[in-house]
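Consider the two complexes below, in which chain A is the common component and chain B and chain C are the respective partners.
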Partner chain A sequence: MKARALVRLWSIFGEPLWIVVSMGFPVLSSLAFFLLYYSMGAVSYVGFAVLGGVMVSFWGNVLWSMASQFNWDKQEGLFEIYLTSPASISAILIGMSVGGIIGTLPSAAIVTAFGWTLISVLQLPVPVVGSWLAVALTFALTLASLYAMGMTLSSLYLVYGREAESMNNVLQEPVSLLSGMYFPSVGTFSPFPSAVQIVASLIPLTIGMNALRLALFSTPGADTLALVFPSLAILAAMAVVFMAVSAYSLKALEYKGRKDGTISVRIR
Partner chain B sequence: MISVRSLMASAWMGIQHDLAWTTPLASLLLQVVAPFASAMSVSIIYWFGTRFSPALTFDAARLAFVMVGSTLYAHVAAYAWVPTVAIAEGKNLAVFPHIYLTSRSTAVYVTGRMFSAFAISVATSMMALATAYYVLGSMLHAAIPLVVNPGSVALLAVALLANLPGALALGYLLGAYSLYASKFEWSLPGYVAGLLMVFSGALFSTSILPWPLSTAADYLPYTQFIAAARSAIVPGTGVDYWASIVFSLIGGLLLMGFSLWVYLAAERRARRDGVLDRRLA
Partner chain C sequence: MPSVEASGLRREFKAKDAPVVALDGVTLKVGQGEVFGVLGPNGAGKTTMIRILSTLLLPTGGWAKVMGHDVEHEPEKVRKVINMASGAEKAGYDFISAKRNLWFFSQLYGIPSEKAEKKIAELSETLGLTKYLDRKFYALSTGYRQRATIARAFVNDPRVVFLDEPTIGLDVMTARSIREFLQGEARRNGRTIILASHNMAEVDAICDRVAIIDKGRILAEGTPEELKRSLGVPALVMEVSPPREGFETLSRIAGVKGFTSSTEEERGLCTVQVVVENDAAARAAEDAIRSEGLKVVASWRKQATLEEVFVALVGQGFKEREEEGAG
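Coming up: the complex of A and B.
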């Protein structure tokens, strides 16, 4: 686990230009949605755009550097090395997650700093009044459950070949929409009907984004920790469930792949 | 000389790459999902911002503005990935070495792939727009004002075609980078897509950007294309359709000439340095 995390960290921090490159889309998309809120006069919500930009960095990392990583590793011939090593695949995935989270933090920090600077320069009334303890707990549990979902996706993608990239393209935007990356997608402020909200709630990012908005932008004087506690419990449960599902599906699909002789086929 | 046969073969290869990974209808429908979700996200941001800000009132015409703009943005952004996929993935999967071995310039291949991406993107973005129109209309209980008749559809088609040189320009520029580099090539299209989101006037008027960025954004062929295409189907945008078409076409042609020159120079140098078929340049 530690070895895989170090490889990922070294690949990012050993080439500092990676940080500049990886922050491009999150910063610019966050800026676009910031300006969209700003242009319509809904200035008190520009913070939602900044928060969305921070979390979209992690979602992109989960999708492209976790879920489909094994597919790329197969093409590079790395996956065979994982299979022949005594390390468990789950440990490798956890290491990949830890490395991915730490490696994405600079990009998320840059989005935050950029948004904060813009809010200060434009002197916008963004009410950041929540509890930082609640924010930290929510952020940590959101990432834990999100990366656990990434591990599950990664195991499912073992059966895919190049379709993995197309599946990622299909998943990226709808999950951003349903999870309410830039607006509340569940609860009183959601535009979605109840059935869609229920489906959206199965995605850890939905619960996490909702709780993060509550933790950061809640009403002054409110007990923020108590407000987000149910979400924290759900996120913790989701992390455990996704970890268990990923461990099971990894074993099952690895067995199937070995049996069929397709597990390390590079191009399918 | 450009061979029509090579061009058609490259376009067909693009169609095969993009649609034949599963059944063509399923892959076409799956490609509608991203622009549809993108149009929904942007439109809901507008709805949410106006619905829950006491001083603001919801305007269905403005909703149409952002919904159409985001769909057209998705249409343009779709091109940004094509040269990277064609060249960088082509190198990884050993397809590209077979292209450069032929007597034709690889620019023909990139052009063909851009044509196929254009055709697929037109189909998927228009399907996404139609779906978003009905879903948003029923979900937000809003009568979204769109002008859809043979005349407006023809004007929209003309605007889409006028953007073709601009699309090719983007393809050649990004392709030139992918020819020579094997680092960061997957992130560069993300930057371009992000820049277009901010500077193409898709989601908001470019006038809110500080000068000289607002002026520079106005002269981008993509900004003019989005303005023209939007004015064809959204009433009351106050845009001179034909002026935007002319600006989009001229700007696109100028940019395409420059980008093609850059691409051909990069290709010559890449051949000379022997990096064309190298996975790690």
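Coming up: the complex of A and C.
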């Protein structure tokens, strides 16, 4: 697990272009929403834009570096090295997640610093955080459930060949929209009808984003921990369920791959 | 206890019209410290066999054991004692160094870091990789990448190593140093190496025993010398002019086991190699060519190689077999 986490980190920081892309793009999209809210006079919402920029970095990492990874490994003959070793595939995925989270933190920090600087320069109201414990717990559980979902996707993508990349493209924007990366997508302020909100609630990112907004931007004096507690419980449950589904589907797909002869698909 | 044992091993793949039989009742035993070659043309079933023995594929019939563990029912136990490498694999993450790649793969076997680093240094020294260990994987040439792949396959001190065309596409010197390394690992450390290849010279040079495989069946098995001796007399080689395709008349001659032919456009002739049972068959083959109005520019007898053994068993060479399969 530790070794796979290190490989992820070495890979992220060994590829200069990737550093620019993974750190630069979230800043730009965050800036776009920031300026939109600012020009509309909705200055209390600019924090949503910064939070969205932070979380979109992790979502991108889950999609492109978690969900697709085994598929790429399969195409290049690396997945069969994993399979013929005694290592647990789930442990490899957990290692990949830990490496991905640590590797994405600098990008999240840059978005936060950028947003903070803009808020200070424009002299906008600074959010008062009621409970940093609530924020930390919500952030940790959001990432846990999000990366557990990435583990599930990673195992399911083994069924696909190169279509996995298209699946990522199909998922990327709709999930960003439904999960309310830059605006509340569930609850009173959601622009979506209730049916869409129900679907959106099945995505851990939606629950996590909503809870993070509550934790970060709630009314001063409110019991933030109590406010986010239901979300924390749902996120924890989602993390456990996704990890169990991932472990089960990996086993099932390994057996299917051995039976049907679909484990090895190489591009070379 | 044999290191690798299989009996009646069979593998079918689903296909549109009818199932394709990739492996058809393979039975073999390979002892500890042996370099065992599986020789056959593309599509003969070599890779399927390797994939079943290395737990990547389930057999549809028969059974196989590696170090006494059943590959179908005890894959976890098999995986602890094996490793594998293929000439077609990429075998490393591009943006990290060869050394870090090797260290990472050693961790899949739970090897303590210090021990792993010592092993990597040792393997790299033997394979001539030391100078390139700190280079990122993408920056390595094909030859050094392949050396790293081979090092990876030995990083966990496996009892059995499966290699699928490990020297494919490599220059002569790199291929030779890899072959020497493989022989050394088998002799010095008692590792069993199963080498699937369609490179006859390679198999002849390093394998203690060879199984010749075609259409999923083992046609012959023995030491390279035994197999070559089984042919009896040397093969007949003729340079024939003008060049042309098709020498089917040769196969109708009594005592002719098979033949191959290749055209050399530049020299304006055709080289025909005929595997014969006796000298009389060789003379009859030469006469048959002349009787078709062709000129035999030169002819000689050639010491048998594994290629002739294959031709004698199948009636065709690897090239013709692969063309037939593709057609």
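Just so we're on the same page, the second predicted complex is superposed on the first by the 255 of 268 C-alpha atoms of A that agree within 3 Å, B and C clash if a C-alpha of one lies under 4 Å from a C-alpha of the other, contacts with A are read in each partner's own complex, and residues count from 1 in each chain.
One rule holds for everything that comes next: a residue touches a chain if its C-beta (ideal position, glycine included) is under 8 Å from a C-beta of that chain, and two chains touch if they have at least 3 such contacts.
Values in this document were obtained by computation on a predicted structure and should not be read as measured data.
When both complexes are superposed on chain A, chain B and chain C end up sitting side by side without clashing. Once chain A of one complex is fitted onto chain A of the other, the partner contacts of A:M40 are limited to chain B, with no touch recorded for chain C. Counted by residues of chain A touched, the larger count belongs to B, out of chain B and chain C. Of the two partner chains placed by the overlay, only chain C lies in contact with A:I81; chain B stays clear of it. In the superposed model, A:G261 makes contact with chain C only, not with chain B. Think of it this way: put the two complexes on top of each other by chain A, and the tightest Cα contact between chain B and chain C is 5 Å.
When both complexes are aligned on chain A by C-alpha atoms, chain A residues 15 touch chain B in the first and chain C in the second. Within the complex formed with chain C, the residues of chain A that make contact are 2-4, 6-7, 10-11, 14-15, 76-78, 80-87, 92, 257-261, 263-264, 266, 268. Note for the complex: chain A touches chain B at residues 15, 17-18, 21-22, 24-25, 27-29, 31-33, 35-42, 44-45, 75, 162-163, 166, 169-170, 172-174, 176-177, 181-184, 189, 191-193, 267.
Residue ranges of chain B in contact with chain A, taken from their complex: 21-22, 27, 30-31, 33-35, 37-38, 40-42, 44-50, 52-53, 55-56, 62, 66, 92-93, 139-140, 183-184, 187-188, 190-191, 193-195, 197-198, 203-205, 208-209. Residues of chain C that touch chain A in their complex: 11, 13-14, 51, 54-58, 76, 79-80, 82-84, 86, 88-96, 100, 103-105, 107-110, 136, 152, 156.
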